[in-house]
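Common to both upcoming complexes is chain A, partnered first by chain B, then by chain C.
Here is the complex of A and B:
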C-alpha cells in the first residue's frame, strides 16, 4: 500500500482554542504519528492566509490527506473542503477534529483539555488514512413545481414561478382558493381592505397560463427526489392526475384552535361567545350581532385563547394581538357607542406599524384590561340580570377582582397545525415539531428549505405567520427553486449507502428500514439496490445489513473503528501503528 | 509452494487438535475413500487422533518441514499454545481448520466466564461432583515418583490467529468434507493460492444466497421463537417465522445442511468478508425486525431472545470485539 502523506493543521481560533489548549504542543506531538508529514498551528486556519497555507503545503509536500483541528465541521468543513479542491485534492480527503465546541469551550483544565485535543486529533489522523475520494453526483431538474395549498402563500409562490414562465400545479383541498386570508376584511397594522387584494390574487392565479389549479383535491402520493419527483393528485370526484415536477412547496396553512376546549369560556354554552374567525365573517357582512341577533353594547375581546398556556398550546400565535386591535378599531367604527374591552395577557405588538396601532387604538376609548395567563383564565358566566354574560377575573394592573359585562365576547383563537400535517409530512418526507408544524432545514440560515432536498415549507404550516411573512417565505422558496431550475442540475448527496453485490444475498433487511424509500430489491439478480439520488447517507441500512454488504461512503466501519482506535490509544502506542 | 512443484516428493501434512471436540479430525476421515487420494498425495507426518507421532518428534523436525498443518481447536491452555507456536515454526502453511481455530468456536463461549468461575462450576458446584477437599487441577503436583505436570488452564480462550500467524482459514463446525477435498485437491494440483489471510473452502456471499426458502422485505417479529415453538412451513425464511437464523451474516459453503434439516443457521461458517463483528451485525439486523415502536414492548420482544450471546456469538466470542468478559479490579461487566 502506498504511503499516506497527511498534513495536520491545528487552529488557535484566536484565543477561543489557544486559551484552553496548548496548540503548539498538540501539533508537535501529532507530527510523530505514522503518515503525518507535517503538523502546523496557526491563529485562524479558516482565514485566507490559513487556507492558503494548506493549499501551498498540499502542492509543496505532495500531501494527500488533511486533518484540520478547529471548530465544528458544521461551521467550516465546507471551507476546508473547498481549500482541498483548490489545491487539486478530492474534498473528501479532509477530516476535521472539533477541539473547540467539543474541547476548549467545555473544559477548564488546560492540561486535560490539551490531552483531549491530542486524542481528538489522533482519532482524525487514524480516520483520514482510510478516506477515499468521492465523486460529486449531478442530476437534472424538472422545471415544474408542485404546490400543496392554495392559500396566500401557495398562490404567491405559484404567481412568482409564473412570472418566470415556470409551470406549477396548485393543489387546493377546498372548493376555492384564498385560504385563511380570504376570510379577512381588513389587514393589520394599516387596516387596509384586503378583500380586493386577495380576490385579485386569485384572479391572477386563475388567469395564469403557467398555473394549473386543481380544486377539491389532495396529493395522494409523491415519489422521487429533488429534480425528479412524480406524484398522484386525486379530486373528491375521483379524478386522478399523474404529475411530474422537480420541486415541492408545502403551503398547507393552519387550523384555528378549537375554542370549545377552553373550559372557562363556555363557547358552546353562551350565544354571546364567538371566535375571531366568526367575527371576521360578521364584519365582512357589515353587521355585528351576537348569535341571538342582538347588536352588542358591551364587547369583550379576549386574547391568547388557547395560546401561551401550558394546558393548551405553549406557543404564541404571533398575529392575534394585532388582529384584536384591528377588531377594536372596526368595532369602534361600526358601533361608536359600544363599550369595548381588550382583555390581554401580554400585548405583543412587534413589527413595523404594530406598536403604533396599539398606541392609536388605545386613544379610541377602548378599555385595556390585563389578566394573568399563568393563573386561572377569566371565567365567563351567565349574567344574573339577564344581560348576556359577565367575565370574572383579577385585573393585574389594578390588582382587583372585577366583572366585565358583555353581550359579545370575541375569543382570539390561535393557529394550530392541520390534522393532516402528519400525512403531509409522510407524503413529502419532511419532519414536524411536537406541535405538528413542519421543521425547516436551519432556523436561521435556511428557513424555507427542509432536510429533504427539493421540498420547501412556506406560510403557517411551518409556524404561525401573518400575510407578509407568508408571502416573503413563498417568494424565498421560489427563489431557491428557480436557482435549481436555471442551473438545470443539482448536486446530490455523495456520502450515500453502497451495496456490494458480490456479498449481498437478498435477505431484504435493508428495504423497509430506509426512511427515504431509497432501497429496493432487484429480484432478477437477487440483490438489493440503493437509489443513490434518494439516499441521504443516514446509515440505517448499513446498520441493518447482517451480511456486511452495505457500507455508507465516508462512514465505513473501517473509518469509524480507526477513529475510535485513535481516540482510545495513547500517543506513544499510535506511533507504532501502520498506516494501512 | 515449493513442495507442490517438486513432484517427486510427496506433501507433508499434519493435523492437530487444540481445544476441540474431535469433530474436525473426524471430518477429515469423513472423506471416506478419498482418504486414499490424500495419502497418495501426502504423507501424514503428525495426526494425534490417528498416528502415534509424539510432540518430541515434531520438535525434532526442521523448521518448515511440514508443508501444511491443519490446526483445529481453539487455544484454551498452555499445551494448545505451545503446539500452535511449534507447528507454526515447523509448517510452511498453517491453516486454522474449523470454527474453533477460526473464531474460537464453542469452547470460546467459556469467555463469558473466567477461570475461577469455570473451575468452581466444574470442580465444586456441578451436580455430579463431590470435592469436599476443594482440590483443583495444578500445573505441578509432587508425587513420590516425581513431579506430575498438567498444562496451565488460561483465563480465556483464543482463536488460533490470536496466538500465532495464520495463513488460511477453513471455516465450519466442522468444515464439510467436500470443501476440504476441494481445498486439498487445489493445493496438490499446484493451483495458485489466494492471498494470505483468506478464508478458503467457503464463499463470499452469505448462506441466504444458496438457501431456497422464500424471503421478502417483511421481517416483522412480535416475539422471537425457538425452533420447538414453531410449526415450520418448510418454505418461508426462518427469520420471517420469528426464528433467529444467522444465515444472512454467515458465509455460504456448508451446503446449508442445517436449513435443509429444517434448523436455522448457527453461523459456524463465520462472517462474510467485510464483517468485523459477526454477532453485532446480526443483532443490529434483528433489531430492525422488531415490530413495535413502544419502548416497553420492544424490551419485551428483545427478552424473548433466549441466550443472546450463545445465539449471536455461538462460535465467535473470542473473535468478537468484546472477546471476553471483562474482569478487572473486581468490577464485573456482564456481557449477556
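Here is the complex of A and C:
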C-alpha cells in the first residue's frame, strides 16, 4: 500500500496548553512515528499564520493527512477542515487531538500532562492513517416554513418571514392567536400596556398574504429532512391540510404551574387565594376583588409558586419577580390605601430596567418579606382575628416567625412545559430536558437550532422566557431559515451510516433503534437502507447490527480501533509498528 | 435572642408612627449588614442596628418594645456613615430610644411630650409659672433687702426673703429639692421596673439565676460612672465630651440636692474653695459640651446631628438657660446686686425645676438611668446564655 504522508501540528494556545504540556517535546517525539513526515509546534495554530503554515506544508511536502493537536474539535475542527480544503486536500483527512480541555486544563502535573498529550496525539496519528476522503452532499431547500404555535414567538417568526416574502403556516391549537401574552394587561419593566401591542401583532399576522393561519389545529405528522419536509395538519373539525415546507419552527409556549399542588397555600380552599393569571384577568377588567367579591385591604403576593423548589420545579421561571413587582405597582395605583406585601424567596430582577423597577417599587410603601424556599413554604390559614387568611412563616432577614394578614393572596405561578411537549418532540425529532422543555443545539453558541437540522425552537417551549426574549429568539430562528432559503441549498452531514447489502440479513433491528427515522426496509432486496439525508451518523444502528453489516463513515471500526491502539501503546512501541 | 417565639403580626403603619420620634429612610435598607459589622458595640447576642431596622420595617412593635439594643448604642454615627443606602440606622436607634422612653412611662405623659412639642412647652411653662408665683406670693423680696450684703460685698442670698430666717429659707429650698427628687426618682424607678419587665421578665427564652444579679451588679455602677461602653466607639472624643457633661451635671445635681446647706451660704468663699472649683468645673463641662452640640446641630453635621427632634432642642435650651442663669446669679451675687440676685434666683429655679421634672422621668434625661440598666440587663442575659452554652458544649469547646 502506498505510503501515508502525515503532518502533525501541536498548538501552544498561547500559554493555555504550553504551560502544562511541553509542546516542543510532543512534536519532537511525534516526528519519530511511522507515517509522520513532519511535526511542528506553533503559538496559535488557528491563527491565519498557523493555517497558512499547514497549507504551505501540505503543498510543499505533499502531505495527505493532517493531525492538529489543539483544543476541542467543537471549536476549531471546521477551521482546520477549511484549511485542508484550501490546500486542495479532502477536509476529512484531518484528525484533531484535544490536548486543551482534555489535558492541559484538567491536569496539574506537567510531566504527566505531556505524556498524556503524546498518547492523545499518537492516537490521532494512528486514526488518521485510516481516514478516507468523503464527499459533501447538497440538497435543495423548500421556501415555506411550518410554525407550530401562534403565541408571540410564533407570530413574530411568521411576520419576519412574511417581511422577506416567504410563506409560513402558523398552526395554533386554540381558537385564537396571542398565546400567554394575550392574557396580560401590562408588560414589565416599563409597565406599558401590552394589550394593544398584541392585538396589533395579531392583526398584522391575519392581514399578511404570506401567512396561512390555521386555528384549532394540530400537526399530526412530519416527515422528511431539512429543506424537504412534508406534514399533515388537522383541525378539530376534522379538516386536513397536507403541507410542504423546508424548515420548522417549534413555538408551542408554556403551561402555568398548577397552584393546587401547593398544599400550604390552600388554593382550592380559600377564596382569598388566586393565581397570577387570574390576577391579570382582574386588572384587565379593572376591578380587583377576591373570590368573595370583597375589595382587599391586605394583599400578599407570594413569589416562586412551584418554582425553585425541589418538591415542585427546580428551575426559576425567570419572569415572576418582575411580574410581581408589576402587580405591586398596579395595586398601589388601583388601591392606594391597601397594604401590599411582597413575599419573595430571592429577588431576581435582572435585565435592563428591572432592578430599577425593583428600586422604584420598594419606595411605594410596599413591605418586602423574605421566606426560605428550602425550608417549609409559608402556611396560609384562616385568620381567627378577621375575615381573610393569615400567612405564617419565618421571615429570613429577621429570623422572626411572623404573621401576614391578607384578604387577597396572589400566587406567582411559574411556567411549565406543555403536557403535549412529548408528542411535539416525537413529531419534530427534537429532544426535551427532564422538565419537558425542548433542548437547543448548543446552550451558548447555537441557542435556537436543534440537533435536527431545519427544526428550530423559540419562546417558552425551550425555557421560561419573557416577551422580548421570545421575540428575539423567533427573529434569530428566521434569520437562520432565511439564510438557507436564500442559498436555496444546504449541505447535509456526510458521516452517515452505510449498510453493506451483502452482509445485511434484513432483521430490521437497525430500523427500530434509529432515533431519526433514517433507516427503512427495502422489501424487494430484503435489506435495510439508510436515508443519508436523515441520518446523523450517531452510530446506534452500527452498534446494534447483529451481523456487523453497518458501519458509520468517518467512524469505522478500523479508525476507532486504531485510535485506541495509539492511545494505549507506548510511543516507542508505536515507532516499531508498521504504517499499515 | 433565639428560642421559640410566638408568631407576631406585621404592621405596615408602624414605620409612620415611629417617624414621629426621628427621621430616617429606614425602608431604604436592603440589609447588607454593614452597619452591624462596623458597630464596635454590637456583639453576639445583641446584634444591631440592622436587626432593629428589619423589625421596624415589618412593624413588629412587641419585638421592638422588648428590645434592649437601642440603649446599648451611643450613637457615634459610624453605621449611618457606612450605610450604602443612606438609610440612617443610627438615627433609628435614637428614634427607638425616644419611643422606648414613652413605652416605659406608665403615665402616658412621655408620649405626649415626644409626639407634641406644644404639650412639652405647656408643661414647662406651667411648672415655671408655679415656681415664679410661689416665690412672689410666699417668699417675696424683703423691703430692706438692699442691706443684705456681707463684708466682702457679696449678696447674702438666704436673707433676701421677707418673713423667713436664712436657715429656714435654705431648709425650705432643700425640702423642695427632696420633694422634687422623690417625685422624679419615683417615676424613674417605676419606669425602670417597666423596662425590666418588658426586656427581662417577658422574655421567656432566658431564665436569669438570682446569683447573676449580684455578680453583674458592678456593671450598673461602673457604666453609670465611666460610660466605659461609649469609649469602645471609634470616635473617643464623643465619649470624652459626653463624660464631661455627665460629670459636670451630676456634680452640680449632687451639690444642689444633697449639699445645699453647705453650698447656698451667706458668705462668699475664696476662689480655690472646693465649692467654687467644683462649680466652675461643672459649668465649664456643661458649657463646653453645649457649645459644641449647638454648633453641630445648627450645621447638621456630623451625621449624628443631622436630624434634631424637638425634644433635643428643648433639652439644649433648658440646660443652657439653667447654666446661664446660674452664671449670672453668681456674678450678681459677687457684685452685690441684691434685687437682680433675687429675681435671677427665681428665674434660675423656674428653668431648673421644669427641666428636671420633665426631662428626667419623661424625656431625654431618662437615658441616664436606662442606659446603665440596659447594659446591666444585657450582661445578665449574656452571662446566662454563656453559662448555658458552656454547659451544653463543655468540655469539647470552652
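By our rule, the second predicted complex is superposed on the first by the 577 of 580 C-alpha atoms of A that agree within 3 Å, B and C clash if a C-alpha of one lies under 4 Å from a C-alpha of the other, contacts with A are read in each partner's own complex, and residues count from 1 in each chain.
Here is the rule we use: contacts are C-beta pairs under 8 Å (C-beta built on N, C-alpha and C of every residue); 3 or more make two chains touch, one makes a residue touch a chain.
In this text the structure is predicted, and so the values were computed from the model without any measurement.
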Handout entry: chain A as common anchor, with chain B and chain C clashing or fitting
Key = fit
Exercise for the section: With the two complexes superposed on chain A, say which partner A:561 touches: chain B (first), chain C (second), both, or neither. Expected result: first
Exercise for the section: Identify the partner contact of A:545: answer first if only chain B is touched, second if only chain C is, both if each is, neither if none is. Expected result: first
Practice task
Using the touch definition from the top, say if A:392 reaches chain B (first), chain C (second), both or neither.
Solution key: second
Problem - Chain touching more of chain A, residue-wise (chain B, chain C) - result: B
Practice task
With the two complexes superposed on chain A, say which partner A:423 touches: chain B (first), chain C (second), both, or neither.
Solution key: neither
Practice task
Quick one: classify A:507 as touching chain B (first), chain C (second), both or neither.
Solution key: first
Problem - First, second, both or neither for A:365, with chain B first and chain C second - result: second
Exercise for the section: For A:339, decide between first (touching chain B), second (touching chain C), both and neither. Expected result: second
Exercise for the section: Using the superposed model, measure off the angle between the directions from the CA centre of chain A to chain B and to chain C, in steps of 10°. Expected result: 130
Fill in the blank from the handout: After fitting on chain A, the minimum C-alpha spacing between chain B and chain C in angstrom comes out at 48
Completion exercise
Shared chain A footprint, chain B vs chain C, residue numbers none
Practice task
Please name which positions on chain B make contact with chain A in the complex.
Solution key: 204-209, 215-219, 237, 239, 246-249, 252, 271-276, 281-282, 284-286, 288-289
Exercise for the section: Show which residues of chain A lie in contact with chain C when the two form their complex. Expected result: 339, 341, 362-363, 365, 367-369, 390, 392, 395, 397-398, 400-405
Completion exercise
Within their complex, chain A touches chain B through residues 500, 502-509, 511-513, 521, 526, 540, 543-549, 551, 557, 561
Handout entry: Partner chain A, residues of chain C touching it in the complex
Key = 5-10, 12, 27-28, 31, 51, 54-55, 57-60, 63
